[in-house]
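You will see two complexes here that share chain A, one where it goes with chain B and one where it goes with chain C.
So, the complex of A and B:
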């Protein structure tokens, strides 16, 4: 990148002003420095990235070929045995059905976020207040959310009393059966992540030039038309990014079900299962293999999705 | 392009370096007891899970008392909330305190790599309980400072109100008693503590008390824990029946351990399967809630062999000396003093690790009723653990019992027999695969 721009700059000066005195070529060391500058700036982030992302991943991949139990000084290389076990035991993949609940929830979440983002990008009363309300849950620590919602779903807890106010006498254990537990947990996850999607959408919508709406209004477009022909195509890249994030998020749900139910009553997700394999049954090797497989699945989903929805340039003109 | 090759190279190099595991460490060191207390010196760090005792200064008092005998040893405490998780990771280095509780994750065969030996089992078992829980090749590597006996914690007043005067002697009788509690009082007959999970693991400690056999652990290692009539099956069936008959809290999925203590003390809950260790906590909760601490009772599992109840003595965390410690003598001095002279077990109303010590006051009802206290032979304990982990059943973990409770309250479909037989099949298959 730097090399080509430099050359282009040299060419431009050479062509434009043939009579002007040539600028003295920078000394070697200076040029070396200039080439190294971006890398110097990158040193800190790269070091962090390597130490805290790539090194652990490399370690994890290495462990996935061993029978390590997580603490013993002895570990044996077992080849692809862990992967073979993973793919021959169907019960390890059954937990992905649980992700279906979160996937369904994320569809709802994206639609709701889009709706609120669109409304709040126009002039609405208490606009900033509502923005805050919607974004606030995302700022709360996930562990705290888990505990708060435990009280919320408790027998005679917040949800039951609120429903009681409206005259709906419910007498059910919200986390009692696999269906209702998963639905409840997925609802919590909507509540938590709606804000993030909302902010992404809002940012994208606000980057659309305001004249377009004016022009559209002059042409007689109503709000729906504006959304359909200006906003939706305008935020397409963010929309597809959100979809990718939602899918990979649904496959790797962890903290909310882990804190609230610990994976009991059919709410175990793939990551909870992996954590249990590693820290409860001390099968760090197998768990690493499971984590690698999840990583590959997420990468594959992203790749397929990129293929289906290519990242076009946005052109609203 | 260039950047990618660099990255690939870095990743490759890291992969290679990751493959080289930690080398073997020194093995077979000994922590000898000192002859002359006044000569032992050094600063030692004690890792403990009792964060509460460190915070309220109880541990400091113990240390001050210890210094009267060992004036030159300075004891520092490192209280760890997530003890298992944190110490496990620290044990990948050499820096894990001088004295520590052995985390459950450490395999018995690795004890000689991590801990200094305290002496031979032949010698130590004369004086101390629980020595075979940490014995490898005849040498002992840890000592539990206290023990507990499993049992039902119950609210005496509630049970009396229900018209029950004697301890039930069979699971069926127990079930009838719980039904009477439900019919005649407002209390929840039995509280599962389902959400907090670990209370469910306590049910495994029934093992031994039904058959009254000190080889109960060996039978887990060599037989099927869920065979008809086996101890664990008896316990699991009883738990299933309790839940199935609706004798538990309405919504097990949102229980709360801390809140359950005052509830039991006040008589809103009648019974919980825990152990003698819980009595002091319940009494504390009773005092705080303004209820009578004397209402808290302890009762053995409803099964008798030849007309007597049996209960199993269970060790707490075993304390050990770090093999890398620079002050092994001082560490050993602390461990011995803490076990023998600190009064820690008595302060916790727990079973003393000293065989000569009398039963604690909490166990008085057991003593009066002639309950036989069994010391289980733990020679095969390590085998049981590895079958348990390998089969992913989790006999010492909550998951399968949560499934059992879910099954009993019809949140999931299936029959109890299929469920237990399935566990048994998985267990015995793993047994065979490990044996071969």
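So, the complex of A and C:
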């Protein structure tokens, strides 16, 4: 692109005038000043990055080997006791099963988003309206969504009213048992996040050159063939990104269940538990160990994804 | 009908079904927000129309008793500083990384890269202690600093953009005697306008909607932002769904307006933000 031609041009002129005199070396202070310039630009960003990202990670790892309560000046080194507690106390580890509901939901979510992105990338009436409707929930405030769906699942709320229209009378407490509560919450998460996946897929599909479809159509390919052989390979990178976002998202669910149920009736997720351990029960050490475990899992998932689907374009520098 | 017509019908049906699924829960809340207390009590169901479609009484209650005015003000202050800071920091970082070669550049780049992989929720336990030690706990500065300091995505967006600005512009300015700061201020920054628009929108929406950070770092009631103030409706308004609904609609409305006005930019922004 521009900068490669730019460089080529510079090289060409350099080649044409090999005898051009070298510029005299800059004076010492000027050189020092030049060397410092990038650091002046990076001072604030790096300071913030280290203070709010790397220092917490380092501290968190350190706390995870102690019995600190987060307040008292005293903390004792306890070795790997927190980790042992985490992996052996079944109630602490159980919260991971809740993620299963969200993981299952994200499979459905990805398939649905892919379907809608595919059909809406072709000519459809009211296309922009449907696009807007599908994406909008992603932009809504999480607390507002929580309240909308608390009302939705309420006894005599939206869902019961709709079912009533079809003559189905339920006196089900949708958020009353762990299974139906988690299913309901996972459904809310589909409602909320489908739009993001949809927009990402739509963008990727639209970046596939249109001639490909025309050529395929001439060869007698139908919509399914077009999807299978043009669209699916074309959006592979975005698809794999979505898969990691879904896995790490399912492990770190917080907002919706915290707002809607407060983690009651078996809907407590890993992050809710960590927040409670740290800020309600003052078990900073144990909470840190939990956070380290979650962080390691997320990093591992990302690493596996990078291995399986290497980025063909190199990022940065 | 031909097979093609059947397929088309099914496709439109699926789109309409999805529209109903998205809009119905929202519509029910809008209807509820317009009902009076006695209408709520008569058990006619969530989808019954309110008697008076222009009954904004609940909105007044939600706005005043829910202290929404100060919530909007606090949110606005945080938005202003967080977005301004993010734009400045992101563009400076991108300029330094793309236009200079210096020692440890690879390390710096790697630091930003790896940070992008760390989900913020996991480190909050320890971040809390740091914020606390700076005395920023329970002040507007805590979310502002956190939003500014941990936004790696905007750095990526700026970086891609700086890369597309031809270096010949810098060189020309340098020959005219401009130093790095003048080049950044007079050439790079103004040319970054489209990227700045993207970052302002994406950052603005995520900041406006964030619950976790203000909830953890600003427990006092005076410091409520819109999410935490709305969350507090759970207590005093308990089962008063008409007031809670009005509060929720009040919070969603600005997002809807911004979305309708800036649709195109918002789609692009989130696409760039997520895929980098």
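Here, the second predicted complex is superposed on the first by the 255 of 317 C-alpha atoms of A that agree within 3 Å, B and C clash if a C-alpha of one lies under 4 Å from a C-alpha of the other, contacts with A are read in each partner's own complex, and residues count from 1 in each chain.
Note that in this section a residue touches a chain if its C-beta (ideal position, glycine included) is under 8 Å from a C-beta of that chain, and two chains touch if they have at least 3 such contacts.
Please read these numbers as outputs of a predicted model, since none were measured by experiment.
Trainee: Which partner, chain B or chain C, touches the larger number of chain A residues?
Mentor: For chain A, the partner with the higher number of touched residues is C.
Trainee: Please work out whether A:59 is in contact with chain B alone, chain C alone, both, or neither, and reply first, second, both or neither.
Mentor: Both chain B and chain C are touched by A:59.
Trainee: Considering only the touch criterion stated at the top, classify A:32 as touching first (chain B), second (chain C), both, or neither.
Mentor: neither
Trainee: Have a look at where A:266 lands relative to chain B and chain C in the superposition and call it first, second, both or neither.
Mentor: Only chain B; A:266 stays clear of chain C.
Trainee: Examine A:70 and indicate which partner it touches, taking first as chain B and second as chain C; both and neither are also allowed.
Mentor: A:70: touches chain B and chain C.
Trainee: For A:299, using the defined touch cut-off, is the partner it touches chain B, chain C, both, or neither? Pick first, second, both or neither.
Mentor: Second partner only, chain C.
Trainee: Based on the superposed arrangement, let me know which partner A:42 touches: chain B (first), chain C (second), both, or neither?
Mentor: Second partner only, chain C.
Trainee: Which partner chains sit in contact with A:137 here, chain B, chain C, both or neither? Use first/second/both/neither.
Mentor: In the superposition, A:137 touches chain C alone.
Trainee: Do chain B and chain C touch any of the same residues on chain A, and if so, which?
Mentor: Correct list for chain A: 50, 54-55, 57, 59, 63, 70, 154, 157, 279.
Trainee: Under the touch definition given earlier, write down the residues of chain A that touch chain C in their complex.
Mentor: Contact set of chain A toward chain C: 1-3, 6, 35, 37-39, 41-42, 44-46, 48-57, 59-60, 63, 70, 112, 115-116, 119-120, 124-125, 128, 130-144, 147-149, 151-152, 154, 156-158, 160-162, 164-165, 191, 196, 199-200, 202-204, 223, 237-238, 241, 245, 248, 252, 254-255, 259, 271, 274-275, 278-279, 284, 287-288, 291, 294-295, 298-299, 302, 315-317.
Trainee: Using the touch definition from the top, list the residues of chain C that touch chain A in their complex.
Mentor: Per the stated touch rule, the residues are 7, 11-12, 14-15, 18-19, 21-26, 28-29, 32, 43, 45-48, 89-90, 92-93, 95-97, 100, 102, 105-106, 108-109, 111-113, 115, 117-119, 121-130, 145-146, 148-150, 155-156, 159, 163-164, 166-168, 179-180, 184, 205, 208-209, 211-212, 216, 226-228, 230-231, 233, 241, 244-245, 247-248, 251-252, 255-256, 259, 263, 266-268, 270-271, 274-276.
Trainee: Quick one: in the complex, what on chain A touches chain B?
Mentor: Against chain B, chain A makes touches at 50, 54-55, 57-59, 61-63, 68-75, 77, 150, 153-155, 157, 173-178, 181, 261-266, 276-277, 279-283.
Trainee: For chain B, which residues are in contact with chain A within the complex?
Mentor: Spelled out, the residues of chain B in touch with chain A are 7, 10-11, 14-15, 18-19, 21-25, 85, 88, 91-92, 103, 105-107, 110, 113, 194-195, 197, 249-254, 388-390, 392, 394, 397-399, 402-403, 406, 409, 411-412.
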